[in-house]
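Here the chain labels run A, B, C and D in written order, and each chain numbers its own residues starting at 1.
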Amino acid sequence: MDTTHETAAPAEAEVDESRLRWWERRTEWPMVALSVLFLGLYAWMVLDTGLSPRAHARIDGVMWAVWAAFAVDYAVRLALARRRLRFVLRNIFDLLVLVLPLLRQLRVLRLVVVLLTLNRRVQARVRGQVVLYVTGAVVLLGTSAALAVLEVERTAPDAEITTFGDALWWTMTTVTTVGYGDYYPVTGQGKLIAAGLMVAGIALLGVVTGSIASWFVDRFGGLEQSMSASADATRRLDAESDQLRAEIVALREEITALRKEITSR
Amino acid sequence: MDTTHETAAPAEAEVDESRLRWWERRTEWPMVALSVLFLGLYAWMVLDTGLSPRAHARIDGVMWAVWAAFAVDYAVRLALARRRLRFVLRNIFDLLVLVLPLLRQLRVLRLVVVLLTLNRRVQARVRGQVVLYVTGAVVLLGTSAALAVLEVERTAPDAEITTFGDALWWTMTTVTTVGYGDYYPVTGQGKLIAAGLMVAGIALLGVVTGSIASWFVDRFGGLEQSMSASADATRRLDAESDQLRAEIVALREEITALRKEITSR
Amino acid sequence: MDTTHETAAPAEAEVDESRLRWWERRTEWPMVALSVLFLGLYAWMVLDTGLSPRAHARIDGVMWAVWAAFAVDYAVRLALARRRLRFVLRNIFDLLVLVLPLLRQLRVLRLVVVLLTLNRRVQARVRGQVVLYVTGAVVLLGTSAALAVLEVERTAPDAEITTFGDALWWTMTTVTTVGYGDYYPVTGQGKLIAAGLMVAGIALLGVVTGSIASWFVDRFGGLEQSMSASADATRRLDAESDQLRAEIVALREEITALRKEITSR
Amino acid sequence: MDTTHETAAPAEAEVDESRLRWWERRTEWPMVALSVLFLGLYAWMVLDTGLSPRAHARIDGVMWAVWAAFAVDYAVRLALARRRLRFVLRNIFDLLVLVLPLLRQLRVLRLVVVLLTLNRRVQARVRGQVVLYVTGAVVLLGTSAALAVLEVERTAPDAEITTFGDALWWTMTTVTTVGYGDYYPVTGQGKLIAAGLMVAGIALLGVVTGSIASWFVDRFGGLEQSMSASADATRRLDAESDQLRAEIVALREEITALRKEITSR
């Protein structure tokens, strides 16, 4: 969530990071393709309950390969950056979600790497189309969260979320902050995913409200009226200034004529 | 939820769709009447538990007839539109809610067709009366959702929502995102309705908050003060400009007098 | 919730309702005193579980007398109003909460009459002190709701809210829209109170958010900057206009001098 | 939450409270250090379940000493203040959280004293970095609340929150207002902490929404456009005024030339 408040950034950004930018532009589409591949494989693995353990292991292997590609991308970007410390600090979240999945308990965070990449790409494309972007982001995030929670929960002994339908329903009650409590995650990883969804839910509320509030402020604000009153006064003033100038020009001509008369006498 | 951000639309809308507009104007009131009829019949069918299966089937028949009228209206509008592909894309949601009720599991979506039609009509009428519109929309949507969830839930074996009172209470806890979890839908269709209500609840929060925020911004904003300071300065400048002009006029008269004197000598 | 959007009202209000206003000013303090008395008696009746049925009946009698005083006030205001139909329509909510408590099931609505009166009085006093007003309103509303829900719930067979502590805790979880569901009302009247609290919770969220949003817009907005830039330009222009005028005055003096010279020759 | 609406304050603050300010500047860092120490000891005491009763008592003793230091600081500030009554009224919340922990049931409020002190210090430092500040505040508040609720709940007979993981999960569901109800406090002190968290959750929603709304208003507002139109007009006017002045100067020179000519004749 980038806000205008971080005014310090643009000033600092003048350091030459053109090599980094070049790499980021070149790898943009391949990374998006890898992300979509990863999501597809993940959905397959979770939803196809008839998979043999071997097929399961193979899909998981490909997913780890995609994850490795993201790790390589991060390493190259770090190598290309001129100010490495700043790069690490600014992308501390990327580093965390890259390293943490190595812990068996946090394997599900690989999804976050993928979603972050997709989000960056999409954000750059849909400037201004807020409604479209938010809808898309919520649908993608919700589906991923439902898949992830289903994967980590269904094998737990006292799990409540055991089908994809349950998982989707639970996602919906969580992201809207309704929270009936008819379904909730019972495993550590499941609760981690839920925490992420809750934060997303708060941000969603913020975006929806902010968008509507901005529309209201624009449409009904008394500001607009006093604004246009001021603009009118300025415009009138502008017109008057033109007349003033015309009169001064006339004045000048008269003085010139006067001078001629005096000289000619 | 139409926002000012979609600035591309007005520019494009200059294509001549007068035939379409004419049809829409003519069918406006009949469609509203059909919508109200549908809602009335639906309420009757759900709330009157003493209905014989035959009476039930008859009411359902009339409701399918109303649905058919909406389908015909869509078809005519499509036929009248000059840019058909654009019409379909723009009204993709209308098409979806028209076709999906044909699936037995999604029959309840016929209500959405009706509510969408009522909403369009009302939105055009109550420009500016936001509080009235939101209250009306929430009451209508809530009652419809309560009826719908009651219809689909009460026959389920482990249903919790079995009376209209339960359904209204559940609607209230959902749309405000409180979500106690003392009642919740257990059927697929019921969960679909709940999902719709949750989205409505988030939008409701957004509208209420946005409306209040806009009022605050207008009323307490330091902006207003610096605005009116600027407007004052402009006004003062305007007055001064008038004096300036008067002085230039006086100057001119003096020069004319000077000239006369010179000539007369 | 009064918003600036209802711009039609001030224009219409010019009809002479001075008799009505006079009565409202005179009865303001007595009505507030009656309201406070009612709330005190109500709290006593609900919290003192050792009351004999006779004492209980007596307190209830006094409370009905207060309610009657409010009804008389409404009748007098209606009699004094010049445009009676408009008065009824504008105060339709007052009429409803006055008449509905006559139904045994809706006796608890007497509290709403009292809270509405207090709210009107306080709102007129604390213009601008939004934080204070909201805090006060939430505390008063929450305490009243806790008392009311305790009264109507504790005698129900399967009630969960049976102590004042339970009732306060339930109020808190409801008004913040958290809604754990560890306590919830089971009676019709209790659910009615809950519905009112939920609406208040949404409004509370709106006011808190709106207030903070307005503060953000004021403080961090790029608007402010472009505003003050514009104000600066206007101010500079103002100063320049003064110089211009001084120069024109100087010009005039020079012409006068010139004239004298010509005449004196 | 200090808002710009309380415009009366800056005017009043001109009373000389320099002694008080001097003390506050000098004790700032020591108080922050004491706060961090307190939080560390508290976390140790709560999380290390293997502590002997004696070690437990010792840690508690140090924590009471820290609390005493805060009480002394309050007393000194009160002694240094010129307007004592105003100081007490303005810091009524500080006084409350200092005195209330003396009641055995409200011991947990010592944490609030510490968090308030940290908050004041941090707020002064991170002006403008809203995202950073909010994230930090939520993490600190959430962790403290989880520790506190764990301490007061785990010894209750029917407690549900018995591990730090449970406590963190419960904190998350509460502060986001999701409220599943799978875990909730059952003791009085636990419910007090929960109430504080709920209020914080509402404020969090407000800050997130307000921040996003302000960004939207800045970015998409029609205001900005009419603003810059007005600014353009002012700038054009400014330029024209310069030309005007140049022309008047030229006029003046011409008159001077004219005069010379007349005199020289």
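The definition used in the following text is that a residue touches a chain if its C-beta (ideal position, glycine included) is under 8 Å from a C-beta of that chain, and two chains touch if they have at least 3 such contacts.
Everything numeric here is computed off the predicted structure, so don't read it as measured data.
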item: Chain pair, A-D or B-D, that carries the greater number of C-beta contacts; value: A-D
item: Most distant chain from chain C, judged by the mean position of its C-alpha atoms; value: A
item: Turning angle required so that chain C lies on chain D, C-alpha fit (0 to 180°, nearest 5); value: 90
item: Euclidean distance of C-alpha centroids - chain A vs chain D, Å; value: 27
item: Chain centre separation (chain B, chain D; CA means) in Å; value: 38
item: Of all residues in chain A, the ones touching two or more other chains; value: 3-5, 128, 130, 177-181, 205, 209-211, 213-214, 217-218, 220-223, 227, 230, 234, 237, 241, 244, 248, 251, 255, 258, 262
item: Residue numbers on chain D that touch chain A, as the complex places them; value: 128-131, 165, 169, 172-173, 176-182, 204-205, 208-223, 226-227, 229-230, 233-234, 236-237, 240-241, 243-244, 247-248, 250-251, 254-255, 257-258, 261-262
item: Residue numbers on chain B that touch chain A, as the complex places them; value: 1, 3-7, 128, 130, 174, 177-181, 184, 188, 191, 194-195, 198-199, 201-203, 205-207, 209-211, 213-214, 217-218, 221, 223-224, 227-228, 230-231, 234-235, 237-238, 241-242, 244-245, 248-249, 251-252, 255-256, 258-259, 262-263
item: Residues of chain B touching chain D in the complex; value: 4-5, 177-181, 209-210, 213, 217, 220, 222
